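There are two complexes below, and they share chain A, which is joined by chain B in the first and by chain C in the second.
Take a look at the complex of A and B:
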C-alpha cells in the first residue's frame, strides 16, 4: 500500500511538473503584456523599465526557473490588472465556483440516479425509453444555449429569478458562501441546473447500464426468492453495487465540471474563477491565467488521487499491481 | 507466381458476407424510429447548409444586400427590400434564416473537417502504437491518458488563445483535442487484430511492415472508429459553438451558429429572443440528430446488443 501511494504521488508530481512547463510555454507565447500595461505614449525606456520590473526582460529558461521556484513557494506572480498576488485573486473567486460545482454535482446525482434506476429496471417501458432518449438530449445539448434559454424564460419573461450575478454572501468557515440565504439560492439555481444537465445525463446512462447488469445477477434473484420487498432490494443490493462506478466517474468528472464553469459563469455573469479566466485572457493578464491553470491542475490531480484511493478502498478486487493493470 | 500472392491484401475473403452484413445493419438502423427521425433531420439540414448560396433568401455576407435600417426586426417583418424575414433580423439587419443557413455551413464544415483529420491522425498513431508496442506504446498511451484527463474545453480554450481567431485555427485546436480519443479506440482494436492469424500470415509473406499496417490492420480497426467519430462530430460542433460563444472561436466575418448565438446573447435581456433562440434550435437539431443516429449505429455495430 505504501509503495502504491508513493508511486501514485510520484505520478501526480510528474503531471504537475509537465503541466507547469506546458502552461508556462503556452502563456509565454501569448504575447507581451508590456503592450497592455504601458500607456500608449510611453517611450522605449519606460517600457523597458516596466519589463524589468516584472522580470520580462530575462531569457526564457531564467523566467521559467524563477516561475517554478516561486510556484513551489505558493507564489504565482502578481496580477497585472489587480496589482496583487494572482493566487489571491483566484482564491477570492474560488469559493463561488466550488459552491456552484458542488451544487451542480448534487443536482446531477439527485436527478440522475432515480431516473437511471427506473430506466434500467424497465428498459422496454415508455418511461424507460423516454428517459433514455431524453438523456441523449441532455448529453448533446449545448449547455451555454440552454442557460440562455432558461434566462429568457425565468428572468426575462416570468421575472421569477435574477438573470445573473451572485447573491449576498455570508462567511462560513472563512469562505464567502451564498447558499445560506434564499436570495443566494435564487441566483444559484439556474447556473447549477444548467451545469448539472450534462452530468445528470451521464449519471442516468451509467445507472441504467449498471442496473440492467445487476438485476440479472444471482444475488438479486436470491434476494427476490428470499421475499425481500423490491424497495429493499433496490435500496440495499442494487444501489450499493451500482454506486462504485458512478462515484468514480463523478469524482473524475468533478474536475471537468469546474472547468466547464468557464462557460456557465460567462452566461450567467457569475463572479467565479471561470469568468475570471475569460476576463484575464482578454486582458492578457498572464499571471492570473497561469495561476488559474495551475490551480485547476492541482484540483484535478488531487481529485484523481482521492478517487483512485477511494476505489482501492471501496473495491477490494482492485489489484495494486504493476503499472499496466 | 509468388509475387502476385504477396501483393494481394489478405483480409478480403469475406467481401460478400460483409456486404450482406452491411445491408442487414442498414435495415437494423432504419428499423429504429429515432434513428430515422435523426437521419431525416440531418439530411434536410445538410441540404439547406450545402445549398445555402442557392436557396437562402439573402446572402448575409453581401453588404450590398443588407440595410442597417432593417436591424433587429421581430420574426415575420418585411424588410426594406420587400423580403419577409420569417425568423427576424439581427443587429446588422441580416435575415436570421439566411444567417443560420450560412452558419450551419461553418458549423458542420468545422465539425466534419476536424473529426476527419483527427480520426486519421488518431487512427494512425493508435495502430502504430499497438503494432510497435513496448516503450513507444507506453509513452503514447501516457500522453493520451494525460490529455484525456483534462477537459477538452479547457485545452481548446488555451490553444485558441495562443493561435488567435480563424477557421483553420479552430479546426486545428479541435483536432488537437480529439486525436487522443481515436488513438485510444483504434489501439484497443488493433491490439486484438495484431494477434490474429491473418497478420501472422501477412508477416510470413514478408510484406513490408507499413503495408501490413495500412492495408491489413487499419481497415479492420475502422468499425469502432466509425461509431466514435459519428458522435464526435456532434461533440466537435458543440465545442466549436461554445468556443465561439466565449469569443475565441471563428472570426466575426464567418459566423458559425455559436457566433450567432453569442451575438444574440447581448440582446437577450432586452427580449430580442429570436437572435439567440433560432440559431440555437438549429444547433440543437443538428447535434441531437447526429446523436440519435450515432446511438443507434453503436447498437447496430455492437453484436452484444443485437437480440
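Take a look at the complex of A and C:
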C-alpha cells in the first residue's frame, strides 16, 4: 500500500510537471503581458522596466525555473483583475462548482443507474426501449439548449425557480456553501439537473450494457438457484459487479464537470470556476488562467486516485501495488 | 437397512412430459421434447447426452430457471408430490435452494467474484430461514467442513479468486446442500476439473446426498462418471430421452443404437489397440430436426419407418424403456 502511494505520488508529480511545462509554454507563446500591462503611451524604457519587474527580460528557462519555484510554494501569481493571488480567486469560486458538480453527479447516478438496470433487465420491454431511446436525446441535445429550455419552463412560465445566480451562502469548514439553505437549493437545482441529464444518459447506457452482460453470468444463475430474492440479486450481486466500470467513467466525468462546466455556468450566470475561466480569458487575466489549469490538473489527479481506491473497495481481485506485493 | 420393501416409494422428483420451447427468429425451437423421468429419495439418476441434447435445459426447466425467449411449453414437474411447473415466482423462490438445488458446470464462474464466501453462504441460509447472523455463520462453517474445506473458520472471509476450481465447486456444493434439499441437480459439476479432483468431488457429493437422503440428478456427457455413480440412467438425444433403465442394464445391454454407439466410443482398456468406434455424422440442429426418429440419419439399422414415424415408447416389464423401431436385442 505504501509502495503504491509513493509510486502514485511520483506519477502525479510527473503529470503536474508536464502540465506546468505545457501551460507555461502556451502562455509564453501568447506574447508578452507587457503589451497589456503598460499604458499605450509608455516609452521603451518604461516597458523595459516593467518587463524587468516581472522578470520577463530573463531567458525562457530562467523564467520557467522562477515560475516553477513560485508554484511549488503555492504562488501562481496575482490576478491582474482582482489584484490578489490567483489561487485565492479560484479558491473562492471552487466551492460553488464542486457543489454543483457533486449534486449533478448524485442526480446522474440516482437517475441513470436505476433506469439503466431496468433497461438492461428488460431490454425488449416498452419501458426498456423507451429508456434507451430517451437516453439518445439526452446525449445529442446540446447542454446549453436543455438549460435554456429548463429556464424557460421553470423560471419564465412557471416561475417556480430562479433563472440564474447562486443562492445565499454560509461558511462551512472555511468554504462558502449554498446547499445549507432552501434558497441555495432553488438556485442549484436547474443547473445541476441540466448537467445531470447528459451525464445520466451516459450512465444509463453504461449500466444497460453492464446489466445485460452480467445477468447472463453463471453466478447470477447460481444466486437464483439459491432462492435469493430478485431484490438482493440485483442490488448486491449485479450492482456491485456493474459499478466497477461505471465508477471509472463517473470519476472522469466528475473531473470534467468541475473543470469545464463553462457552458452551464454561463447559461445560468452561476459564479463558479467555469465562468471565472471565461471571464479571465476575456480579460486576459493570465495568472488566473494558469492557476486554473494547474488546479484542474490537481483535481483530476486526485479524482483518479479516489477512483483507484474505490476499485479496491469494489473488486477484491484488484490489489494496489500490482503483482509484486 | 437395505431391505427391499414392497411399498411404492414416492419419488422425490417426477418430471412428466416436459417440453421446453425457445422462441427464435426462425420460429419456435423445441430444446426439450416430451421428457419424463423420476428419481427416488437417496437415488442417483444419471442423465447422459452430448452437447445440445437438451440435458442442461431439462435441469434448468426443473429448477424453473428458463428465461425468455425460452419457456416450459408442456408438462409437469412434481417435487415431493406437488406440481411446481408454473407456480408463482415467489413460491418457486421458496423452493429453490431449499427443497430443490442445483450446481453448475464451471466452478470459476459459479461464485460471485466480488462477494466474500461467508456472504454467499449466509445469504443462502437466511433466504429460507429466520436465523441470527452468528447461527448462520456457524452453519456456514459446518457446511464448509462437511465438503472437506480445511480450516473453514479462516477461509470464510476469503473471496472466490483465492480458492482453486475444485475448492470453489466444493463451496457451491456446500451451498446447494445447506437446507438438505429433496433433490440436487448437478449439471456436469466435475467436467471443468482435473481427474483426481473429479473423483474426490464425485465421492463427496455421493456421500453427502446419501446422508441427507437427497435424490441426485447427475447431468453429464461422461458415461464413465455415470457408470460409477448412478443407480439409473436416462440417455438423451436431440431433446428426447431415447433410453432409460438401471445402469447395469443400459450399459451392458443397450437397446437403443445411439446408446450402443456412445458406449462403444468410450476408450476402454479391454479394446486397447483397436480403433475407437465413432457414431457417423453429428448431432442434429434443433431448428432443423430430422423427421421420425431424430437419430435415423446416423443409425446403421434405420429403415423406411424410422424416417417417417416417431418411435413409440417401448416398455420392458423391468421398468426399462426406449424409443426405437428396431431395438437391439440383449447382448
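Definition applied: the second predicted complex is superposed on the first by the 274 of 325 C-alpha atoms of A that agree within 3 Å, B and C clash if a C-alpha of one lies under 4 Å from a C-alpha of the other, contacts with A are read in each partner's own complex, and residues count from 1 in each chain.
We adopt the following convention: contacts are C-beta pairs under 8 Å (C-beta built on N, C-alpha and C of every residue); 3 or more make two chains touch, one makes a residue touch a chain.
Fair warning: this is a prediction, and the values are worked out from it, not measured in the lab.
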### Query
When the two structures are superposed on chain A, do chain B and chain C clash or fit side by side?
fit
### Message
Looking at A:107, would you say it contacts chain B, chain C, both, or neither? Reply first, second, both or neither.
### Response
neither
### Message
After the superposition on A, what does A:24 contact: first (chain B), second (chain C), both or neither?
### Response
neither
### Message
In the overlaid three-chain picture, which partner chain does A:240 touch, first (chain B) or second (chain C), both, or neither?
### Response
second
### First, second, both or neither for A:141, with chain B first and chain C second
first
### Query
Which partner does A:226 reach: the first (chain B), the second (chain C), both, or neither?
second
### Task
Using centres of C-alpha atoms, tell me the angle at chain A that chain B and chain C span after the overlay, to the nearest 10°.
80
### Query
Is chain A touched at more residues by chain B or by chain C?
B
### Task
State whether A:218 touches chain B only (first), chain C only (second), both chains, or neither.
second
### Task
Name the contact category of A:282: first (chain B only), second (chain C only), both, or neither.
first
### Query
If you take every C-alpha pair with one atom in chain B and one in chain C, what is the shortest distance in Å after superposing?
9
### In the complex, chain A residues that touch chain C
124, 217-219, 221-230, 232, 236-237, 240-241, 244, 314-317
### Query
How about chain C: which of its residues touch chain A in the complex?
63, 65, 68, 89, 93-98, 101-106, 109-116, 123-124, 127-128, 159, 161, 172, 175-176
### Message
Help me check something: in the complex, which residues belonging to chain A touch chain B?
### Response
15, 18, 23, 26, 29-30, 133, 136-137, 139-145, 148-149, 151-152, 155-156, 163, 252, 255-256, 259-260, 262-263, 266-267, 277-278, 281-282, 289, 293, 296, 300, 304, 324
### Residues on chain B engaged by chain A in the complex (per definition of touch)
34, 138, 146, 149-151, 153-154, 157-158, 161-162, 234-235, 238, 241-242, 245-248, 258, 261, 264-265, 268-269, 271, 273, 276-277, 280, 283-284, 287-288, 290-292, 295
